[in-house]
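Data block below; observations after.
Chains: A, B, C, D and E, in written order; residue numbering restarts at 1 for each.
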Amino acid sequence: QTSRVKLLIGFQDTTLPETVAASKVLEGTPYDVEWVILPGPAAQLSALYSKAIDVGHMGDTSLIIEQGKARTPWTAENVPLQIVAGWRATDAQYPPIITVTRTDARIETLADLRGKRWAYNFGGFNYLQYVLSLQKAGLKPADIQPIQLGDQSATSAAFNAGRADVYSGNFAAVAEAVERGDAKPLLTSDQLDIPALNVFTARGDVVRDRAKSEALADFLARVRRHWDWYAANLDTVEKIYTEKVKQSPARAKISTVYLKATFRPLDDAVIAREQAIADVLVASGDLPRKIDVSLEFNRAFNAATTGGN
Amino acid sequence: MTATHRHTPDTPLAEAPPPVLVDLSGRTAGTEPRARRARARQLVSRTLVPFALLALWQVAADRNWVSPDALPPPTVIIEAFAELIRTGELQSAIPTSLARSLVGLLFGAFTGLALGLFAGLWRVGEELVDAPLQMLRTIPFIAMIPLFIIWFGIGEEAKITLIYAATIFPVYLNTYAGVRGVDQKLIEAVRVFGLSPLEIAWRVIVPTALPSILVGLRYAAGVSLLALVAAEQINARSGIGFILLNANQFQRTDIIIAGIIVYALLGIVIDLVMRVIEHVSLPWRPSLVPA
Amino acid sequence: MSLHSPLSPATPRLVPSGAAPPPVAVELGGLRRVFGERAVLDGIDLTLRRGEFVSLLGPSGTGKTTLLRILAGLDRADGGTVRVAEARSVVFQEPRLVPAKRVWQNVVIGHRPNAEARRLAGAALEEVGLSRHADAWPKTLSGGEAQRVALARALAREPSLLLLDEPFAALDALTRIRMHDLVAQLWRRHLPAVLLVTHDVDEAILLSDRVIVLSGGGIAFDTAVDLPRPRQRSDRAFGVLRARLLAELGVGSAEGHG
Amino acid sequence: MTATHRHTPDTPLAEAPPPVLVDLSGRTAGTEPRARRARARQLVSRTLVPFALLALWQVAADRNWVSPDALPPPTVIIEAFAELIRTGELQSAIPTSLARSLVGLLFGAFTGLALGLFAGLWRVGEELVDAPLQMLRTIPFIAMIPLFIIWFGIGEEAKITLIYAATIFPVYLNTYAGVRGVDQKLIEAVRVFGLSPLEIAWRVIVPTALPSILVGLRYAAGVSLLALVAAEQINARSGIGFILLNANQFQRTDIIIAGIIVYALLGIVIDLVMRVIEHVSLPWRPSLVPA
Amino acid sequence: MSLHSPLSPATPRLVPSGAAPPPVAVELGGLRRVFGERAVLDGIDLTLRRGEFVSLLGPSGTGKTTLLRILAGLDRADGGTVRVAEARSVVFQEPRLVPAKRVWQNVVIGHRPNAEARRLAGAALEEVGLSRHADAWPKTLSGGEAQRVALARALAREPSLLLLDEPFAALDALTRIRMHDLVAQLWRRHLPAVLLVTHDVDEAILLSDRVIVLSGGGIAFDTAVDLPRPRQRSDRAFGVLRARLLAELGVGSAEGHG
């Protein structure tokens, strides 16, 4: 009797675990799945490195930074972590990340950003949104009043409370202010050509392990079916977000649409955009050296995530 | 002798101002009703401040002195509580979190006590133990969660280890200070009876330093709750730390405040428990009489 | 006792006949104090007037300290009336010095700490023979030195009621005579009522106008000391009174005199 | 009396075992070199443990007992330090952070002292103050950063307020315990001299409770450093808390550990400073003699 | 002193002639102890043998307690040799009871706390007349009661050297006689060397074989007490010795006897 394969899947909050559970797509798997909640990409990466989880959840920029600062350069042979799947919102009304301004700050054009109080948080694609927004406006940090905060929740709190004029980051966190008319979008991630994917990152040895990678492919295929279920059951999802995830009713309404996503194939187009991001970070000094991002992407699971073969 | 023996008083008594007599017998009033009255008054004033704050808060909300985003009114907080209770989250969170805190606290208190005694009783103990502990106490555990995950994984051990590490120091510091504060005269008095250092420690120093040790324990109990917020970032699906973190992520100010109130209430419960423990283990201390 | 004070305080009861009696400093009526089941003080009536020097004798654990504490306002009565003068000084059975304050600061703990206080402390320490220790910490004092500092502290005030709880117990013969003398001087100068708890019958007879024996919760014996001052232990009357007091204290008359 | 007067000893002396004589004059040896030797030994053992740990760490790394991801070897940490110093981050972080800590600590210690005295000296003070403070101390500030931003903004005030709030309680608790621990007999002894409660507090209770108050201050000093990690999440561009947070986000284990070492060293510096303060302000305490 | 102990301990120096002298319990050679500038003890030579009962007199602050502390091993000498018996008991000038332990536990603090210890404590407390307080906390005791507990604690051991620092100072006449008796009994039973610090010259003469006066850093006077036991204060020889000792203590002979 061989012991059953077990997949430990990290996630940063309880949204996906809850909707996957509600969709029942994981019923009858020939392997076990355990969700591990670890807020923040740092904890996800730590857990991956220490083999506490097999798959972690983060933004697509996290691995770029990981590779950039690695002491020993990554090669195809030694690559420790690989992105196996990426997803993003399907609804154009809600770009994943965004730069918004407060209505009372009277910012009409990019030039008006000069001298404004601008809140952002370090790490991940939130920071990228800030860097590229600045670049697009032709400004340097010295031209504005940068407000660097510890995490997404602090940043949105500062902006929503009127302590900042400009905000770069997760859209859902400020969507209520936008809907009330207190804030308005200035630049979306799409306008800045940021892929802004959420990704599953697997350990190299998990991908190389036959049994585990088969289980992982099956798991991803089931999550894909979950996205279909999600789109068809928005009311149920909204209820999950209010009751289980403890979002406010207004926020849950937004989240339901905002988090309605599909897997995107990890193809040449995506990888090219990611490479461009890496190059920007090298130019801005945030990465010490040029890297090859294609090493970070494992295309073997595209079939599972997109439903093809 | 040097005294001169005058036989007439220096001051004729007739000139002496009559002393002012004060009546101390008023204090005679039956002590039983007095004690009961004191207890009643105590209860009132102990609950008065919290309730006054609560009333002020509701008034401030009603009159729009503060925006509901900054500070939701008590009614909204009560709703948040109702929600947490309806879904059963609160009921499952409290035992889960208390169990984690308690286990971490037990080990931490034991370690802190042992190290505090070691450092307090023997100079060589202090020299060996004190520097590492002074270093330990300034470690910002919240910034070490990724390292904790690498070192201790994502199971209960990691959470409890974090609580453990955070609770050692308060017990250590107060044990050490308590032991060093024991009157040298007492220690001398028993030393001459040929007690070994360990016997002196156990029979004299620990009982005498107990008030201070209990202050440390009380403090560590609070720390063990605080550490939950860090510990329950590590793969928790329930617990009051988790509720707070989750609310934080989704900007549920009402739940954050409800969570803080839960913390505050637990703080008071811990305080009461510690008072009982102090009362039971320090029967020789005169009941507190204010100056 | 084996030592004999040469002191002979003025007799302040020598009030011009016909004049009003001196003001009252202590007035106790039916005073009770109960610890647990036991009434340590059970119906004490006592009046002390200014200028009176009263000694209080009694077996160990009989309630002498308790009575002084009630008079000092530090313990409560469980029954009866208690009226006492406002300006009181106490020397406790233990020195009770503040360990964090230097000796001179302890002496003038009741005063605003300024140059005048420093001077006053110096004078008081001089009187108890401890000038050398003015700047020392209490923990470095010998037992008798600490007790003398406590005495200096009490005398640095001008009380109308002076309560002394075995203040001389830790003193050698010579120092004890000096301290007797000091207390007597202060008494003559300001005429407070003095209540002295002592275990030394000779000391009681030598110093006081009146001796009270406390026993079994009440005043078992109360006598005026009508001996001329300065008093001599060799006086027959002294010996008779001593024997009587010792008998009251339960020491058989066979052992009653030397 | 009850004694029977036997005139022969119960035990003939010849049978009494000869008492064992112990020589206590060995202790006579000159105290000066002894004290100097003790200080030298103390220095050695105080530094020994840290250095031993360091050596063990390097050996563990060299022999691959731990993976460099889990715990980079000391050499890598030294490189991280070099990097922080080269970029000037460390030099600007330490004064910035210390200034924040110090200001928060000063206000916090003052408030804690005042409240601790109020609660320790007067029963009504305890009844009014204690419950709110027991609640305050269990507030998990790290989970309140968004609220802090909403309430206090993103300037220095918000950071310092956070440190302030975190340092009140240790000083309060130890002041309170210290005041309550002052021997009632002492307080009585001065009360009869007609001192007002305030004078008693100032002249007797505070000096006597000072050792305990200083324990609280020492603890609060550590807390003021720890709170930096929370405070410097709020719009900080420098500071040691900021360095740690940043390193955390970028998984720079080496910098995290370097930061923790900076914390630990600051902890030791604080400890030394507090020892000097204790030494200076408690001249009456016998120098610590181990039991 | 105004009270007269009926006790008359056996005279343990009555060793069969020709037998070896009893073993040495204390041997001091040129003992020095300096505080700051001042040599409190400056060259003390002293030998005490088992069975000897020695009283130590001297002015306040002269170093009596310091000497006892050195003999107890609690303070260090700054010069000279110190050799003392290993099994020592001390009664300090203050009671020094552990406030966190009940009275009976304090008495047997040196013993393993079991039923046997409890019994022993009960017996010792019975002897000092405090059975009633066995379960009380030290803070509720009167001054004299606390001192008796300290005495009970010292006597619950069987020392070869008993060091007593004014153990009877806080006791009334009757209780003091009882405690004299108790110490004498213990002494007769186990024949320790006893060194008693007292301020009471009569007490010294009544109890001891030898009286030493400490003064100015050295032994100013050292005399055997060659009076038959039981001793009587009324003896002429008693009076002569008392006068001599008081003179040594600086109390003029005019006040020397009652």
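In this section, a contact is a pair of C-beta atoms (placed from the backbone, for glycine too) under 8 Å apart; a residue touches a chain by one contact, two chains touch by 3 or more.
Everything quoted here is computed from the prediction, not taken from an experiment.
**Q** Measuring centre to centre, with centres taken as mean CA positions, what chain is farthest from subunit E?
**A** So the farthest one, by centre of C-alpha atoms, is A.
**Q** Tell me the chain pair with the top count of C-beta pairs in contact.
**A** Of all chain pairs, the one joined by the most C-beta contacts is B-D.
**Q** Quick check: how many Å separate the C-alpha centres of subunit A and subunit C?
**A** 85
**Q** So, what's the distance in Å between the C-alpha centres of subunit D and subunit A?
**A** About 42 Å, centre to centre.
**Q** Taking each chain's centre as the mean of its CA atoms, how far is subunit B from subunit D in angstrom?
**A** Here the centre of subunit D sits 16 Å away from the centre of subunit B.
**Q** Please set out, as single numbers or ranges, the residues of subunit E touching at least two other chains.
**A** Residues 5-6, 73, 87, 94, 177 of subunit E each touch two or more of the other chains.
**Q** Which residues belonging to subunit D are in contact with no fewer than two other chains?
**A** Answer for subunit D, listing residues that touch two or more other chains: 69-70, 145-147, 150, 191, 245, 248, 251, 286.
**Q** Which subunit A residues touch at least two other chains?
**A** As it turns out, subunit A has residues touching two or more other chains at 40, 42, 45-46, 49-50, 153, 156-157, 160-161.
**Q** For this structure, give each pair of chains that are touching.
**A** Inter-chain contacts occur between A-B, A-D, B-C, B-D, B-E, C-D, C-E, D-E.
**Q** If we count contacts the way the header does, which residues on subunit B are in touch with subunit D in the complex?
**A** Answer in residue numbers: 41-42, 45-50, 53, 69-71, 121-124, 126-132, 134-140, 142-147, 150-151, 169-170, 173-174, 177, 180-181, 184, 187, 191, 197, 200-201, 205, 211-212, 215, 218-219, 222, 225-226, 228-230, 241, 244-245, 248, 251, 253, 256-257, 259-260, 263-268, 270-271, 286, 288-291.
**Q** Provide the residue numbers of subunit A that touch subunit D in the complex, in ascending order.
**A** Residues 40-42, 45-46, 49-50, 65-66, 69, 119, 122-123, 146-151, 153-154, 156-158, 160-161, 163-164 of subunit A touch subunit D in their complex.
**Q** State the interface residues of subunit E toward subunit B in the complex, per the touch definition above.
**A** Residue list for subunit E touching subunit B: 69, 72-74, 87-90, 92, 94, 96, 98-101, 109-110, 113, 137-139, 153, 157.
**Q** Which part of subunit D faces subunit C closely enough to touch in the complex?
**A** Contact set of subunit D toward subunit C: 185-186, 188-195, 203-204, 207-208, 210, 282-284, 286.
**Q** Applying the document's contact rule, which stretches of subunit A touch subunit B when the two form their complex?
**A** 13-14, 36-40, 42-43, 45-47, 49-50, 52-53, 152-153, 156-157, 160-161, 173, 243-248, 251
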